[in-house]
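Next come two complexes, and both contain chain A; in the first it sits with chain B, in the second with chain C.
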Partner chain A sequence: MTFLSDKALQRLRALTEAPDLSGTRYRLLERVARGGMGVVYAAQDVKLARRVALKILDHPDHSGDLSGRLIREARVLARLEHPGIVPVHDVGTLTDERVFYTMKFVEGLSLDDYAKRMESLPDRLRLFLQICDAVAFAHARGVLHRDLKPANIMVGSFGEVLVMDWGLAKVLSDAGRDHAQNRNAIVSQAIDGEFSASDNREDVAHVATNHGTVMGTPGYMSPEQAGGNVEALDARSDIFSLGAILKFLAEAPVENSVTKSSWMNKPLAAISAKAMAAHREDRYQNVSDFSAEVSNYLDGRPIKAYRESFLERSGRFYRRHNIAILLIAVYLLVRAILILFFRR
Partner chain B sequence: MAEYLAVKNETQIQGDGRFPATRWSVIEAARAGDVSERARAMDALCAAYWKPVYKYARLRWKRTPEDAQDLTQGFFTELLDRDLLAKFDPAKSKLRTYLRVCIDSFVSNEDKAAHRQKRGGNATHVALDFAAAENEFAATAIDPAEVPSPESLEEYFEKEWIRSLFSLAVEDLRNLCRQRDRDRTFRLFEEYDLNGDAEISYEKLASDYGIPVTDVTNALAWARREFRGIALERLEQICGSDEEFQREAHALFGLNPR
Partner chain C sequence: MNKILIGVLLGAVLGAVDGMTSWFTPAVRAQLVGIIIGSTVKGIIAGVAIGFFARKVNSLALGIVFGLAVGFVLAFLVAYLQHGYYFQIILPGSLVGLIVGYATQRYGVRAPAMSAAR
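Now for the complex of A and B:
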């Protein structure tokens, strides 16, 4: 009988674990990540000669539910054509009947790691606003992410921000979608008919988890989601997660820096706390309100979540108009000097 | 009792070259009244575990090769005599862990009673290649002179169990390839998957065999699929419960089998 050395054993396990991509247009390159439901590999699209990310199921699937979920995840992604959402390329089935889909291979860092390299709060907040844009777009299309966290945000090599891993995404029912829809700018992007009512019911039935099932990430998951109250989830659950991301961005220290440990201040803390309120009625009611508040903070304008003292208001006014104030001060000073000079 | 140990050829396969089609686990078979099913399940268990048991006796209990041989045979006899598999509770541990504890207990009791030689001598001899097992043991990385920790003993037993399972599956695959006139497929599998080094590539194999690269890709994909199927069938036979099988399959291949 053949003796298998340790090296042969290791190699055999690695090769037999790898999915068999024969019969597809893809060639396996390497394993990139293992998630809750599947594994992501880097693969080469032989026809288009480009690198793609290939996600494949690795869980038991007696009923076909998980395969169905993976396909629906791909379909949800296909509906969300936005620069801030990873684009899906293809869906298929391997020879061993496992379902897979391919998407853009994003070369970059997860927000977890990228934030450590960002040395300026305005840069971090501008990046956060890009995340909000993508999530607002998804909400306008009636889709909740339900697992927003730094690990699921990728920042590409050119600074592009991509929201990843829509495996827990939920397509809202009409009632829930009303909440997600914005009363202002986002209305123009609202559901455009490609979501037929029957499609919607099917997705709600299958993508949504059963009542009592908890899916998400502690720390980034809203209380109603942590409580398994799946029916109650709406856009405000994602807003809770965005609030936690904002808090993370304000507090994540810069790598190898001893000077700045946190940018968190009272206004930012108030914005984050409002987004993460225990009762969703107390949160921002849609992502655009939330991002407008962050934009206002960034531009030195007043924010609704925090009542400033006179001194704080004056300080903010000075920071916002410091050049004009300095010019006026210099002008007044010069004028005063001139008056004094000519009086003599 | 002795008939259960009659593994005439450790690489023997049946029918189409695949492991018997029964889905009974060794525990279900041990509790069943069907003698032939029990015999078949015990054959599967013995084939997968005798080498790990032998090597474990050499390493953990520092037995001479001769003593380890007797202990190995005596252990499987004991397993049947005392109906130990029927006492296994899948909710409490993995079958592999249970068997390892049984070995420890068996060796300890044998030392006290000092009647191992008598019972081992009376047992029907199983055609097991102890010389090969000893050579493999000598080639393992752990120095038997050192006292291994309980964790490393557990790891060692597990690794030897995987080695044994995969070796059997490789032999099954070899026989399957022979039966289906796919000898070249097995040679490719052997060269790339078993002996492959940094220099080997699909292109090099295609050039060596004078075939297109796609033929190499397809042959290796087929061989791996069959290998995985064979190994999973063998694994299912020697697991204590379906949950254990699912967990072991996931640990071995990174995916669940169904």
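Now for the complex of A and C:
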């Protein structure tokens, strides 16, 4: 009996799992990633001659639940037009009834890997502020991400930050619906008739937010989310996750570096701890407040989360104005020398 | 704070301090008030010029160089009119210009851009 090698088996498996994209405008290139709900492939949009990322369900979904979720994810993305949120291009079904949607193909690294290459804390914090911008925008449109973590944040080749994987996103309210009405109407037209089971947005949202269902990633998930209390979730749950990301960015070591192991200091730890408070009332109440605090830290201004001693305040003042202080000191020194040597 | 205002305030304060130090020179102590007033006015003139420059040119290096040059020229003029004390007047005067040049670029807020579509 002849056994197939692991490599051959892997190739065979990939071939059998590869979706049949005939009848669509896309040509399959390679598998990029596998998530809880489906697989992401790199594909070529033949009409527009561009590379796209194609997210598709693992298997045909006869109940319609997972299909509904995927469609809902695409709709959520469609209403979030922001430079920090990956844009969706198209939704559709394959001949085997599997639902898919396409989005921008982001060439870059996940924050997990990218952070290891960032050798300065200010760069990491500026990147964090870009993440906050995207999340604040989503919140303003009434959307919670609910699965913010470094693996779901991509940093492109030009340093652009994109928040990915909105599969667990929850639509909180009708906020922003009017704003995105036209765009959603187009998406609805594209998918109506194809997905009768997932036609109603509220039904879809209900499928994705059943009470008692724990969804998220340990370590980045707020206590209320971990407790399965889905109805109680609000923007402050995402703020908890952002606090965990801030902690990760401050603590993630630089690749191949032996000099600096962590940038975490008392003020930064206080900001992160406030964002990750067990009770959401104790956290920052919105992303703007949180990012303002990080921004203040970055600019050497006082922060609300940490009460500093006189020495710490003086040190921060000196760090912020060191050149001006040195220039004035030089001026006074020159004056003193002139008085001493030219007094007559 | 607006760049011209920073230039004027800092120029006035440093100019006044510059003038006050002449108290340590007994030979000119009798003209102390006049020196303080003159030095303050010189600081204000330097501050206005440096502030205007900072509003037009947004560059820390150029701001410092311009400040140094303005401080030097004004101090030289004062020393020339006094017929002496060149070193004692020009060196700190130039430094004041340099500090004002730095401060206007570092701490001054750019004036809001005018709308292109009127």
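By definition in this document, the second predicted complex is superposed on the first by the 292 of 344 C-alpha atoms of A that agree within 3 Å, B and C clash if a C-alpha of one lies under 4 Å from a C-alpha of the other, contacts with A are read in each partner's own complex, and residues count from 1 in each chain.
Quick note on the criterion: a residue touches a chain if its C-beta (ideal position, glycine included) is under 8 Å from a C-beta of that chain, and two chains touch if they have at least 3 such contacts.
Small disclaimer: the values here were computed from a predicted structure and weren't measured.
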Touching partner for A:Asn256 - first (chain B), second (chain C), both, neither: neither
Which superposed partner A:Ser309 touches (first chain B, second chain C, both, neither): neither
Which superposed partner A:Ser22 touches (first chain B, second chain C, both, neither): first
Which superposed partner A:Ser157 touches (first chain B, second chain C, both, neither): neither
Partner chain(s) touched by A:Val330 [first = chain B, second = chain C, both, neither]: second
Chain B-facing residues of chain A, complex: 1-6, 8-9, 11-13, 15-17, 20, 22, 39, 58-62, 95-96, 98
Complex contacts: residues of chain C adjacent to chain A: 14, 18, 21, 24-27, 85, 87-88, 91-92, 95-96, 98-99, 102-103, 106-107
Complex contact set, residues of chain A against chain C: 323-324, 327-328, 330-331, 334-335, 338-339, 342-344
Contact footprint of chain A on chain B as seen in their complex: 10-11, 129, 132, 135-136, 139, 141, 159, 162-163, 166-168, 170-171, 174, 193-196, 217-218, 221, 224-225, 227-228, 231, 246, 250, 252-258
